[in-house]
Every structure is written in structure tokens, then in C-alpha cells.
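Consider the two complexes below, in which chain A is the common component and chain B and chain C are the respective partners.
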Partner chain A sequence: MHKSRTTLTVISLAAIVVVVQLLTHCAGKEYYLTQMIMAAYYSIVVLGLCLVMGYAGQISLGHAAFFAMGGYTSAILTTTSFSAAAGTGAGRILRGLGVFVERADLYGGQLVTVNPWAAFLMAMLLTAAVAFLIGYPALRLKGHYLAMATLGFGLIVYRIVLGSEFAGSSDGVTGVPEWRICPGLVLGGSTEYRVANYYLAWGVTLLVLVLLLNLVRSRVGRALRSIHDGELAANAMGINTARFKLQAFVFSAVLAAAAGCLLTHYNGGIGPSEAGAMKSIRYVALVAVGGMDNLLGGLVVSTVLTFLSLRGYFGTYDHAVFGVILIAIISLAPEGPLKPVAAWFKGFTVRKGG
Partner chain B sequence: MSEILQYIFSGITNGGIYAIVAVGFSVVYSTTGVLNLAQGEFVMLGGMVAISLLNVVPLPVAVVAAVAIVTLCGCILEMLFFRHLRSHSILHLIIITIGLSIVIQEVALHVWDEKVRSLPYFTGDECSSIKLAGAAISPQVLWVLGAVAVVVVVLQVFLKYTLVGRAMRACSANPDAAMLAGINIRNMRTFAFAVSAAMGAIAGCVISPISMTQYDMGASLTIKGFAAAIVGGLGNPMAAVAGGLLVGLVEAFSVMSGLPAAYKDAAAFAILVLVLFVRPRGLFGTRDAGSVREC
Partner chain C sequence: MALLDVQNVRHCFSGLLALDKVTFQVKEGQVKSIIGPNGAGKTTLFNIVSGIFPPSSGSIRFCGDSIAGLKPYQVARKGISRTFQNLSLFLRMTVLENVMVGRHIRTRQGFVSSALRLPGQIREEKAMREAAMVRLEELGLAAVADVPAGSLSFGQRRMVELARALATEPKLLLLDEPASGLNTREKEGLAGIIATIRSKNVTILLVEHDMSLVMDVSDEILVLHSGVPIAEGPPAEVRNNKDVVAVYLGGDFADASN
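After this line comes the complex of A and B, so read on.
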């Protein structure tokens, strides 16, 4: 039954994705797709954070750092010239393996840079390693301590990115090349393949959703839920809580890094604000509004709010909107706004029926 | 030698401000169980309100009035958002205080814009300096250190010897027992917010001439203040002072050692992360604090 419900959910979401594309096409507002693509990638971070916050019950105020780590690693690797290194023996082997590729820069000069595929893989590996190193000690901490440790980590990454020459300081990294994923599918910001990119972004996002929906309904998901409800009891039942928490944390960090990597290729660059604390807080806000342990709610809410924010509907109140959302949710509906509405709806229909 | 002394003075000046924020954390946390991540915003508000009031009244009046107004803000904050909170899970408390900090910051941005402002020096001006053991320091540094000392001593006397102070300590030791003894816990919680807001506002006023006041200064103060509170050991005001000075000194020496200035903050946060990982109960903390404690 669960399985069919997942299938139904994903099919209806896919239908919505197609309808949105057709609507923008008919209305002649295809530029909306750009923000929809970005919203999709940001939503992947929210989905991953949902797993950590809603299911494992751990807070992370540093997910923007993982996002930035993925983005920056692939951006730096695909823009830095390795011409000298490529001439050496090891470089020639890497070239043979396709890790190094030759391409022309803006002025027609020859550049040897890392292949986007290889850069993507390296970014994932680096982020996983860092998330493991941070998560291993941090996840033994509880409540406030975990929140501040992750916030502190996020700020360190932000400061390093902002203050380092190799990360372009306050300008960030620009000129990230397009990523030819397969013939006919190019991940890049040019408008000629915007529609293809839209389907790529949403395809990836829905894939992540299916993955997570299945995960939380599996043995791992039940273990995570039990940690959320009572870590001590879960431990007593023989669940290795430390390992499950760490796995969830590392997995969500890698998801964030993947999203960062993809968005960086789409935007053609990345700036230090992506690593800022405000971004991390936004992800937390979106998870909270979605109802913490509600992947679908998180996806919908994050897409809508991120889209509105990116289109500039909140104007100068952009940050304030997210702050007010946080306060309102916790003081009025700590379980998320969707739950009381659902309960009310249920009560309404039952009363009607009875 | 005198150069080192110069760095030490700059370290303990900033450290003193972190110490006040850290003590504010401790007071609120031990009485209410809330870790108020909007603590740094009180510092910003104190400075900003005083600067605005300076247009109409002389400096001493402006400072006193600013402290009073921010104290009132602290009370209102507690009564509006924490008194009737239905869920007290740590996750929710963290989220709501972060929300408050963002909203206060954004309100400040729209009220005062993003310009950097400052109060005038309390005595002398930016050029006057005092020679102290070979180091030249601004008289304002003495104001900051004096204010920190007075705030800490007054708080300690208040908590130890007055009825209200003892009632507050009773609340932090055991809220249920305190309630049975006839202490109005709710009012004590409001009072704790008021005290921490007042301390933050004082810090905001004395530091304004040196490090300026800007709408977004609160967030980094909150984190450094928290680092100080953790380094000392949460829930112990005196240890928080030591933690604050330590964080300030580390920051100053990271600049002295030739690290790029942009990494200065990273050094402070690295201490936070390191202490959390290695000794979460803090350098002077008791065993029941830190990772062992779960609410």
C-alpha cells in the first residue's frame, strides 16, 4: 500500500512539473523556469535536512556550508588551469582516464581543467569526508550544543571561503563551464536548453524524493524515527543510534553538496553568500514549515517559498519573511502548519460523513 | 613587548563584551532553559537606541534611557514569545530564538538603515590615549572594562544576596521546588530576560565608540558570546567571564600571529567547535552540563 502511495505521489508531482512547464510556455513566461530550476536544487538540500531534523531529530545549522563545499569544489576544479600538472607522467595518466579535459577559455586560449564528472565525484567525496569528521564528534552532542557546533562549522567555512584567494574571496568563482551530461543534455545556464535543464533539475529532485521516501519507510527509517522519539530507548532496543545518526548526517550533507554542484554548473559560478549562516537558517526554516518529518510538505513549501524569494516577491523583507515564518510556526503550530490543516480537514469530512 | 600588551588590551576589550553576552546567556539559560540566540541583538539595540536618543538628550541620559528601553524590549519578548510557548523541545526553542534574532535585525535595518554609526567617546576623543605600561590605550577601553567589571559584580551580588536574586537561582536549581516555595516562576523568567537585555544594552553602549554599531552586528556577537559561555561552562556567570576574555584574547593573537584578518572570526569559531568536541561541559563546567545533559 505504501509502495503504491509513493508511486501515486511521484506521478502526480511529475504531472505538476510538466503542467508548470506547459503553463509557462503558453503564458510566454518561460523565464520563470530559471527560478524553478534553482528552487529544485535548493529543495534537494531541504529534503536531505528533513531526514536529519524530522527523522533523526538532530538539528544542523551548517548545511549551507556543505552546499557551498560541493559547489566550490567543482567550481574550482573545473576553472583552475592544470596545464603544468597535465604534462607530467601522472597528469598524462589522468588525461588518459578522462579526468583532465582540454577546453578553450573565453579568449580562445587552451586550458586543461578537471572533467565535470570527476570534479563532481571529488566534491562528493570531500564533502562526505568532512561531514564524517564533523558529524562524528558533533552528533554525540545534544540540543543546543549540536546546533552551535554546526553553526560554528558553517561560519568557519563561510569565513574561509570569504577570505581565501583560491575561492575568489568576496567575488566567488565565475566562469564555471557547462556540463555535457550526455549527448543532447547540457547542464548550463544558456536559455536554449532551459527547458531540458528544467526537466533535469526536477528529475533529479523527484529521484531524491523517491529515494528518501523509500528510505524512511525502511528499517533505517524506523531506526531513525526511534532515535527521534527517544534516543535512550532506541539504544536499549539494540539500535546503534550513533551510527544511524552519522549516516543520516553524512548522507544529507552529500545531497546538499550534489545540489550545490549542480546549481553551480547551472549558474556558471558560486559566491560566498551560499555558505552564509542565513542560508543554513533558511533551510531549517523551510524544513520546519514543511512539518519536519514530512518530506513531501518540505518539498512543496521549499519550492514555493524559494521560488517567490528568488523572483523577489519579498523585496527588502526577504530575510524578515523567513524569520517571521520561524517564529509563527513554533509559537502557533510547532508540528508544522500542514498537520493542523490536515486534522481539521479530516474532522470536517468525518463530521460531514457521519 | 609593548606590542603584545597592545594586543592583550584589544583582546580583553572585545573579550569583555563577549563576556557580557555570555553572562546574559547564562542568566537566561539557567533560569528559563532557553538559550536565547537573540542575545547579541540586545547589544545592537542598546547601541542603536542610544545613538538615536543622542539627537535629543545628552549622552548620559541617552545611555540610561537606551538601557531602560532595551530592558523593556527583553520583557516584552519573553511575555510575547516564550511565556505561552506550547512546545518546549530544544529544537523548537532554537528555531524560535533564531527567528527572533532575524526579525529584530531586519526591523533594525528598516528603522536605522545599514549605515555604520557610533556613539561619541565617553571621555576624550578618538585621538586621546592613556599610557599604560608602555601600551597606548583609548580611555574608552577603560570604560568598557569598568562597565564589564561593574556589571559582573553587581550581578553576582544581586544573585547572592537579594531576595529576587535568590529566587532566580532557586528557579534554575529546581523549578518545581521553587514553585512550591511560592516563587512566581513565570515572573522570574521574564525578569531573567530583562536582566540579560539590560546587560546587553550596557555592552552595546560602551563598545559603540570603539567598534561601531551596525544592524547586523548581533549575530556574530551571539555566536562568540555563546562560544565564551561554552568555553567557561554554561550556567556559571563567573566562568562565562573567563571564557569571554579567553575568546577575545585568542582572536587578538590570531591577528597578531599574522593570520589574515578575515580568518579572525574563524579562529574564534574554531575554539567553539574544538571545546564542544573535546570538553563540552566547558573548561570550568560541572559534569551535569554539556553532552550529558538532555532536556
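After this line comes the complex of A and C, so read on.
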């Protein structure tokens, strides 16, 4: 029963993805796809955060930092020249393994950098390790210690990328190469493969959605939800609550880093604003508007609002809009605006049917 | 050998002595009750046995292994399950899901296999669902399986908690005031349910205020007063114990019960 529901959800969403592409094509507004691609990657962060906030009941105010960590790690590794290191014995071995690759730089010179796949893998491992170190002490305690720890962490990461030469200071890292995923599929910002990138971005996002939908409807999902509803009772039922909270948090941080890595390759660079606290709060707001424990709601809301934001509809009030949304949700509809609407719709159809 | 062996347990809440010199045993297959006036330390004792906090001193052995200081989830894995006096259901989950959480320690699928819905995970999920459904049927809750636990009546919630605790397949079941908040009819049913659980070889440690229920189902009773045991024995003996009568009817001990 659950499986068919997931299948139906994903097929409907895939259909919408195709329709949107066809509409932009027919309307001659294919440039909208660029923001739709970016919105897809940002939505992966929201989906992961949804697992931590809506299901495990923990608040992370550092997801922008994890996103930036993924983005910056792969950006730095794929743009820094390792020509000297590649000449040493260990360097030759890494070269043989394909970790180091030679490519031409902008001016036609030879450059030895880390393969995007290897950089991606290293970014994930680094983020997982850091998330573990932050989450381990904070999640052994009950209460909002994770929110405080991640807020502090986010501020530190922002200051580090802003102040460090190797991260390009306030300019960020540019010149991140395209990523040849497989023959015929290149992750990059050139308009010539924009449509392919649109399907790649949405394919990955829907895959993440399916994995998370499976997860929340499983033993693990029930364990996380039981922690949210009553941590003590969950523990008394034999659930290692600290471990489950930590696993969910690390998984979610790695998803954010993966999204950061993919978007960085698409954009060809990353800047310090991606690591800002306002970005973290934006992700929290999007999860809240989506309905907290509603992955589908989170995805839809996040896509729409992020798209509008990226198209500049909120103008100079961009950050303020998300702050206002968060306040409005908390005070007016703590379960998210979709739930009352869904209940109203259900009541309407029942009345009509009866 | 006793299933549960509590020796000389003492517990202080920042200076307040809640339990002292508590020594008792629960034998396999028994229904043992702990009674005493409010504030006697009954729930504190339950919380210590189930690992919610460690005793300040003393030893607790279960099947011969020391369990003092273990975390609640570790105690649960040893085979001790419990219900809560004030009910602690997962209110936004369905009744069935609540009981499936009780199957947690008997199952093992993790993040990766669940996210990918591997064949083993699908099989285990089905088995979990069926095992939980059996518990619900036993307690007459099959009809509300898909209802959120938060929308049930108080009496039904007590039964769901019981089903959830039994789903862990415990050797020892701790029931914290299972009759409180139940109506007369539900209370009568409870004695039968306790007898059924016992017939399935589950040992029961019961904290209860309802004396007719306690006298009815218990093999042995331990009486606590101000954190100290004052009597222990079969119901008939405890009922006629002078100290126990004094505690319950007012007398020399009454002023210390707060």
C-alpha cells in the first residue's frame, strides 16, 4: 500500500517536471530552467532538514554551513593546482587511481586537480565527520542543544570562508569545472546542456524524496517519530534515541553537502553568502511552511519559494520575506499552512459526498 | 534464582531521600505488587529499575546480570518493558505504529536498507506489522489500528500502552498504576488481562492503588512507606500487618507520607 503511494507521488511529480520543461520550451522562456535547477538542489537541503526537524524533532540552524562545506570542499579541490604534489610517489598513485586529473585551465595551460567524483566523496566524508562531532555531544542531551551548537557552528563556518584566502575570502571560489557524470551528461551551467541538467537535478531530487519517503515509513522512521513524540518512552521501548538522532542528523548534513557540491558545479563557483545564518534560517522556514513532517509539502513549498526568490520577486526584502514567513507559521499555523487547507478540502469533499 | 533481585537500593534527589534500604526479589512467573501511600517512592523505584535514572547506591540484578546504571533502552533489550503512570504514547502515530515501535528491539533494519526498501526490509516490515496486529487483537484494539493514538479514550490508551510493552516480548513487565483512570468495567477487565499475560510466562511487577485489584492478582506484595519497605509477603499476610494498617488508616506513620 505504502509502496504504491510512493510510486504514485513520484510519477505525478515526474510528470510535473516534464510539463514544466515543455511549457518553458513552448513559451520560449527556457531561462526559467536555470532557477528551477537551482531550486531543485536547494530543495534537497530542505528535504534532509525535514527528516531532522519534522521527524526526529531536532532543530538544526547550521544546514547552510553543511551546504557550504560540501560546495567549498569540492570547489577548492577541483580548482587548486596539485601539479607539484602529483609529481611525488603518492601523487602518481593517486593519479593512477584517477583521483588527480589533468585538465586545461582557462588560459590553455595544464592543470592537475582533483577529479570531481573524488572531491564529491571527500566533501561527503568531511561533512559526515564534522556533523558527527557536532551532533554527538549535543544529541546526547534532551532539548534544543543541537540548535545552539549548529548555530554556533554556522557562524564559525561563515567567518572562516569569508576570512580565508584559500576559500577566496568574500569573492568565494570561481572557475569550478564542469563535472562529466557519464558520457553525454555534463553537470555544468552552459546553456547548451541546460535541459539535460534540469532533468539531472530533478532526477536526483526525486530520488532523494523516494529514499526519504521509504525511510520515514520504516522502522527507522517510526523510531525517529517516536523520539519526537516522547523521547523517554521511545528509549524505554529499546530505541537508542541518541544514536538515531545522530544518524538522522549526519545523514541530513551529508544531503545538504551533496546539494552544495552539485550546485557549485552547476554554478561554476560558490560564495560565502551560501554559508550565512540567514540561509540556514531560510531552510528552517521552508521546512516549517512545508508542514514539518511533510516531505512532499516541504519539496513543493521550497521549490516555489526558492524559484521566486531566485527570480528576484522578493527584491531587497528577500531575507525578510523568509523571516516573516517563519514568524507567521509559528504564530498562525504551527503545523504548517498545508494541513488546515488539506483538512478543509477533506471536509469539503466528505460533505459533498455525504 | 530470582528473575529480579534488588539489594539495598538507595536514591536521593539532591538531598531528598526518596528510597532507602529497598531490598526485594521477584521470582519468575510471579505477579508482585508494590503498594504504599502517595510519595512512598513506588514510581521512583520503577524508574530506577527501568534505567531512567541510576540508583544512588545498591545493586539491581536481572537474570543474574547487573542492570543498575544501564540506560532505559539497554534495560529494555535485557527483557524488561514498562508502562507509564501518566501514559506516554506517541500521540501522532497510529495505534498500530505505536505497537510496531514495541517490536523495535526484535527487529534490525537500519537506515540504508530502509531507504532502499531492500527485500529483507520489506519482509521484516510485514512481520512487524503482523506481530503488532496480533497484540492489538489480543487486547481488543484491532478496530482502532489505523487511528492516531491521540484520538483514543483514556482507557483505550492504557490498553495500547500495554500492547506496546507486550510487543517487546518482555520477561518482566512493569505496570505503573494500570488501573488509574479506568472505569469500573475496564478495571474488571484488567484483572483478566493480567491473568492472561501471566499465563504466557511473563513475570509482572505492579504498582497500583486499587487494593481490590492488588489483592486479587498478586502473589506477593511489598509495602513501601517514605521510601523504605515496611512489609512484604502474600496478600493475606500484608493485609493484616499492623504497620501497613497504620500507614493506610492513619496512625504513627501518617505524618511522614509527604
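Here is the rule we go by: the second predicted complex is superposed on the first by the 349 of 354 C-alpha atoms of A that agree within 3 Å, B and C clash if a C-alpha of one lies under 4 Å from a C-alpha of the other, contacts with A are read in each partner's own complex, and residues count from 1 in each chain.
As a working rule, a contact is a pair of C-beta atoms (placed from the backbone, for glycine too) under 8 Å apart; a residue touches a chain by one contact, two chains touch by 3 or more.
Quantities reported herein were computed from a predicted structural model and do not represent experimental measurements.
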For this session: Would you check which partner chain A:Ile59 touches, where first means chain B only, second means chain C only, and both and neither mean what they say?
Result: first
Problem set entry | Partner contacting more residues of chain A (chain B vs chain C) | B
Problem set entry | chain B versus chain C as contact partner of A:Phe153, first or second or both or neither | first
Exercise. Looking at the overlay, what does A:Thr34 touch: chain B (first), chain C (second), both, or neither?
Worked result: neither
Exercise. Is A:Ala233 in contact with chain B, with chain C, with both, or with neither (first, second, both, neither)?
Worked result: second
For this session: Figure out whether A:Leu215 sits in contact with chain B (first) or chain C (second), or with both, or with neither.
Result: second
Problem set entry | In the complex with chain B, residue positions of chain A that touch it | 53, 57, 59, 61, 137-138, 140-145, 147-149, 151-153, 155-156, 159-160, 162-164, 277-278, 281, 284-285, 288, 316-317, 319-320, 322-327, 329-331, 334
Exercise. Taking the complex as given, what residues does chain A use to touch chain C?
Worked result: 3, 211-212, 214-215, 218-223, 225-226, 228-230, 232-241, 247, 251, 293
Problem set entry | Partner chain A, residues of chain B touching it in the complex | 35, 81, 84-87, 89-92, 94-96, 98-103, 105-107, 109-110, 219-220, 223, 226-227, 230, 260-263, 265-266, 269-270, 272-273, 276-277, 280, 290-291, 293-295
Exercise. Touching chain A in the complex: which residues of chain C?
Worked result: 50-52, 71-73, 75-77, 81-82, 84, 88-93, 97-98, 100-105, 107, 109-111, 114-117, 121, 124-125, 128, 164, 168
